[in-house]
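What follows is a pair of complexes built around chain A, which joins chain B in one and chain C in the other.
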Partner chain A sequence: MLSPVILVPAILNGLLTGAVYGLIALGLTLIYGVLHIINFAHGALLTAAMFAAFFAHRVLGLDPYVAAVMLTPLFFALGYCLQRLVIGPAAHGEDRNVLLVTLGLAVVIENLLLYAFGADTRTVNLDYAFKVVDLGIAFLAVPRVVGFGVVLAVALALWLVLSLTDTGKAIRAVAKEKLGAELSGIDVTHIYAITFALGTACLAIAACLLIPTYYVNPHIGNAFVLVAFTIVVLGGMGSVTGALIGGFVIGVVESLCGLYLGESLGQIGIFVIFILVLLLRPSGLLGERA
Partner chain B sequence: MSGPSLPHIVLVVAVLATVPLLTVSPVVLNFLVVALLIALVGQGWNVLAGYGGQYSFGHAAFFGTGAYVSAILQMRYGLNAWIAFALGIAGGASVGAAIGALAFRCGLKGSYFALVTLAFAEVLRILASVAPITGAGVGILIALDLRPQAFQFQSRAPLYWIVLALVAIALLIVRLIERSRFGAWLVAVRENEDAARAVGVDTARVKIAAMTISAAITAAGGGFYAQYFLFIDSGIAYGPWISIEALLAPIVGGIGTVFGPLLGALAVKTLGEIAKLVTGGAPGLDLVIYGSVLILVVAFAPQGIAGLLTQLHSRLTRLRSSLPERARG
Partner chain C sequence: MSHWLAQVTRRRLLQTAAATAATGLVSAPSVLHAQGSAVKLGLLHPVSGALSYSGQQGRLGATMAVEEVNAAGGIKALGGARIEAVLGDAQSTPEGGNAEVEKMNAAGVAAIVGGYSSSICLTASQTAARYDLPYVVDVGVADNIVTRGLKNTFRFGPGFGVIAKTALDNLVTINDQSGKPAKTMMIVHEDSLFGSGLAKLLNAQLPERGFQVLETISHPTPTRDFNNVVLKIKAQNPDLVIPANYYNEYVLLARTMQQQRARPKGVYSILGGAASSYKFVKEFPEAAQYIMDCNHWFDPRNPKALALKKKVEDRGEFYTYEVFMNYSCILLIADALERAGSAERGKIIAALEGSTFSGHVMPYGPTKFVNGQNEGAAPVNTQVLGKDIQVIFPQTFATAKPVFPMPPA
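Let's turn to the complex of A and B:
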């Protein structure tokens, strides 16, 4: 059972999957870190992005990696509008209301997709989808390796934006001290919307990285979003590096649980970690809120 | 706090109880049974969230446990359906107490509490979809046995009265809570937990007790579902749909009010039926409408239908009291 011939490929594949998980969690943690809200619509927005990537290929004939260049700004704009026009105004600044509004959005988006496209599972056929890289000890699927590289590049770019640009500095200022930022002339409503937009844009990229090797149906986002919640909680709410590291950890855990427990019970491993982290590290978790 | 008086509850239940005497239409009765079932499940959510301020996104955990415990005891162990139903409620309450004890002793609140309830419901759903005792992917079919002692009936009317009776009991429980010391503690926790603790309220214990009552009421809904539809599987019993229905009804009707879940369930289900008529029952569209209603209610009527009615009432009384003055002037 513990033979390295099985174990090493499982771990490497777990790391590759974990990178994309990390990107999804990155969007979630960024929104949490600045707006202090848990975006329950994250999974539904990912599903929407995967459908967009699917139809970009099916209808327009665009390769998912090319589609990413178009979909990222599109989802950035969508995220901006959602926060500025729907979530912000509807929530009246109350945490509980944000929970309900994002949950409502998730239900609406998911079921609009169900209504429009039916419950069928769809896949794209790409000639490179089954190409592999031979590392000697493991075969790795090319799209996953590309995904890994893109995630690292996106994380680096995001880090640069946050640390070097004026908007990035404003975002960090709002995250640290909202009132102080407001008093020094930062438009908090705008920064909130920009942050939500960045988080949503991460999903567009993640969707384009997933679509070559994954399938899409209206409920696919749920599978990812609970994983993303786990990663965010594990890595520390609001921490960008935490999201990436958490992504790798969860990717490997899922891969190993799947190996030893089977596909459907493999998910249990993630939930158990999730519940344990939530329950056993309340000081770390609630420290953020105080 | 001035909730509805006992005569109000008796009147509403009595009016609803006459429906099967007026019509035998299976469409009408089926609609009302489902609406009352959602009102019951929503009343459970309302105890914890409406009065205690703890928003659960995983009430499916209690609904599903009520349904599965009842169905398993009947079909696998040959227990009487009524006893199985009662034990299902006890099972749901225990799950509520256990999750509540874990979550509240660990100090989880707000979004974290919502997340952990969601996660527990999902864990139970996955377990139920693989464990042999729950029928795994196939689900459990309750064998047809149309005798009152088997909790099955020849016509719909008795089941309608049973679910109405359950709703009536839940209404009385919530009214009792509203007027009790326990209810005052619960509202204190909702309004300001630190202040409540400072004046000596054992906040964790109050929240766990509320979650146990909440889970028991919702589990009764699950047990009733199993007897009414005679089939459950992991997606029905522990699926996210029921967690959403459970919170939608009280929010639309009026969160933290005695009649909110009942009003909300009737309104939401009516809306759903209209949507079905208009669109011809396209899958997903009813849920699109539910989601939109949720956002609109939070945005424009945070107190729900009950809040709108109170506003209307106070406006009318003001109008009435100002009328004589105008007449004189």
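Let's turn to the complex of A and C:
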């Protein structure tokens, strides 16, 4: 069963899936790195974004890739408002409150979706969803190849924003030294909200990349966010590059475990890695030493 | 003593008189306005949760039958009493089903139809048994649904044992007729009771019938990606792939096989989640092409079944097995009510036990319940040919000849 005929396509598929995992983790790790909070609402927001992409196609007839152009600013604004108007004020400056507020948000969002759309599993049918790119050694699904490219582009854009723009520099400053940043005149509340907005916008893009091949129901986000947490821990809390590399590693591990241990046990490798990283290298691959 | 006796007698007499007066009051108007009274029937389906599509289809079939019975003048033996449907949502869990049975019992239903999944049928029928409430299983195939000795539980459709045996017998016949192209197989099954049970049975039975099982692959429900499974199928290159999973996974597997150009000589499923679903055939005709299935199916030679098909399709819905099985179950109960001449639970059970009902749309012949199982019930083999699903076996109901092995793309 180690023949390259199976192994190569399995690894390639893992890399493609891992890219989208990485994008979801990117949002999570960004929010953690700056706000120092674990955003429990991440999964629920991803679900909401997937529903948005689904209905953009069903109701407005928009292709998910076109919808991404609309949904990304929309979710950026949503994320900004959530942090500025809900999470920030409700937290009263206490980290543990933030934890509870995001957890509460997750429960509210998921149940609103459940109430509005029911527990049904929905799928979008697109002509290109099952088209493939023939590499000779493997057939790669077109939506996944597109997803891979988009994720790399988004990661690059994010890296440029963080290193070159004033806002990006302010974000990094707040992440490094909140009090110092505040003293140099940076509006920390605004930067917090911008960071949360960036994380949420990542989810909107991820949702649009996922919807052509996956299905959506009110609990779908949890499946991805559990993987995303593992990636964040593996890549190093707060590290953008770490999230991307972690995504690829986890994607390949999941694919190979599925191949050799059976699909039912496919995710076991992910959680073994999770435990091993916590035991042996708690700061992750690229994380700064705690 | 005689004084005391007299007193009791007088009290009893008064009670009896009062009771008679009361029934008189109730029954008098119902005789005058026959249509005013109604027989309540509980329709229990998992219309939300993981099984919601099947549940909604089941509810559709049942309510359409209720509408038809009412439009045709109701239950004539009860003075034209209308059937009043009491709808229940089992929420795709046995607990949900149980709670609905309790509510339906409190609402005074005469009988319950439905359940859909084996696990819901098992618990719901047991709860109904506590109230001697007749329970007609619509689909649930687990054999133990009717082997627990529950007097109230009836299954109109076939059980798992019969289906598996028929499926294997028919597979051998179809293979022999085509010159035995299939020798090796791969089983892809979901890892809960249904898929694992079927895989175990196939692993025991297929070698006895001269087939070789190359590999058995299990996967959870839901599964988001079948690429690895299909890679393994391509590497092993079996003659036949046997999927045993629910609708979403079945569709995804078939589409991934198409995408990765995995083309065995045939795909043969037993109670395949999507294999004989018009929804699948309409949405993904290429992926569905030539797939064979052994499943519940209507009698394609019965005009009533075809009329119902048209009616369902005119509503913009798909004519899936949940629809025609539930439709038939309601007609079965309506027939029992006619012969019982009463909405009393015990009398309905007795009428069902003696049922010879044949006005349904299934290829079963007259109904005959033995220990609650309809002995005439049997699955048929279907195949997706063009844009339609044809019956290919048994001969009596066949509308097309099997295309096996499937022609190369």
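Just so it is clear, the second predicted complex is superposed on the first by the 281 of 290 C-alpha atoms of A that agree within 3 Å, B and C clash if a C-alpha of one lies under 4 Å from a C-alpha of the other, contacts with A are read in each partner's own complex, and residues count from 1 in each chain.
Here, a contact is a pair of C-beta atoms (placed from the backbone, for glycine too) under 8 Å apart; a residue touches a chain by one contact, two chains touch by 3 or more.
Since the model is a prediction, treat every value here as computed from it, not as a measurement.
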item: When chain B and chain C are modelled together on chain A, clash or fit; value: fit
item: Chain B, chain C and vertex chain A (Cα centres) - angle in steps of 10°; value: 70
item: Which superposed partner A:Val132 touches (first chain B, second chain C, both, neither); value: second
item: Chain B versus chain C as contact partner of A:Ala119, first or second or both or neither; value: both
item: Chain B versus chain C as contact partner of A:Ala141, first or second or both or neither; value: second
item: Chain B versus chain C as contact partner of A:Asn97, first or second or both or neither; value: first
item: Superposed model, chain A: greater residue contact from chain B or chain C; value: B
item: Touched partner set for A:Ile275, first chain B, second chain C, both or neither; value: first
item: Contacts of A:Ser3 with chain B and chain C, given as first, second, both or neither; value: second
item: Minimum Cα separation, chain C to chain B, after superposition on A (Å); value: 5
item: Intersection of chain A interface sets (partners chain B, chain C); value: 118-119, 264
item: Interfacial residue positions of chain C with respect to chain A in the complex; value: 48-50, 52-53, 92, 191, 217-220, 222-225, 227-229, 231-232, 234-235, 248, 255-256, 258-261, 283, 287
item: Residue ranges of chain A in contact with chain B within the complex; value: 37-38, 40, 86, 89-92, 95-97, 99-101, 103-108, 110-115, 118-119, 218, 222, 226, 229, 233, 264-265, 267-268, 271-272, 274-275, 278-280, 282, 285-286, 289
item: Residue numbers on chain A that touch chain C, as the complex places them; value: 1, 3, 5-6, 9-10, 13, 17, 118-121, 123, 125, 130-132, 139, 141, 214-215, 223, 255, 258-259, 262-264, 266
item: Chain A partner contacts - residues on chain B that touch it in the complex; value: 53, 55, 57, 102-103, 106-112, 114-116, 118-120, 122-123, 126-127, 129-130, 240, 244, 247, 251, 282-285, 287-288, 290-292, 294-295, 298-299, 302
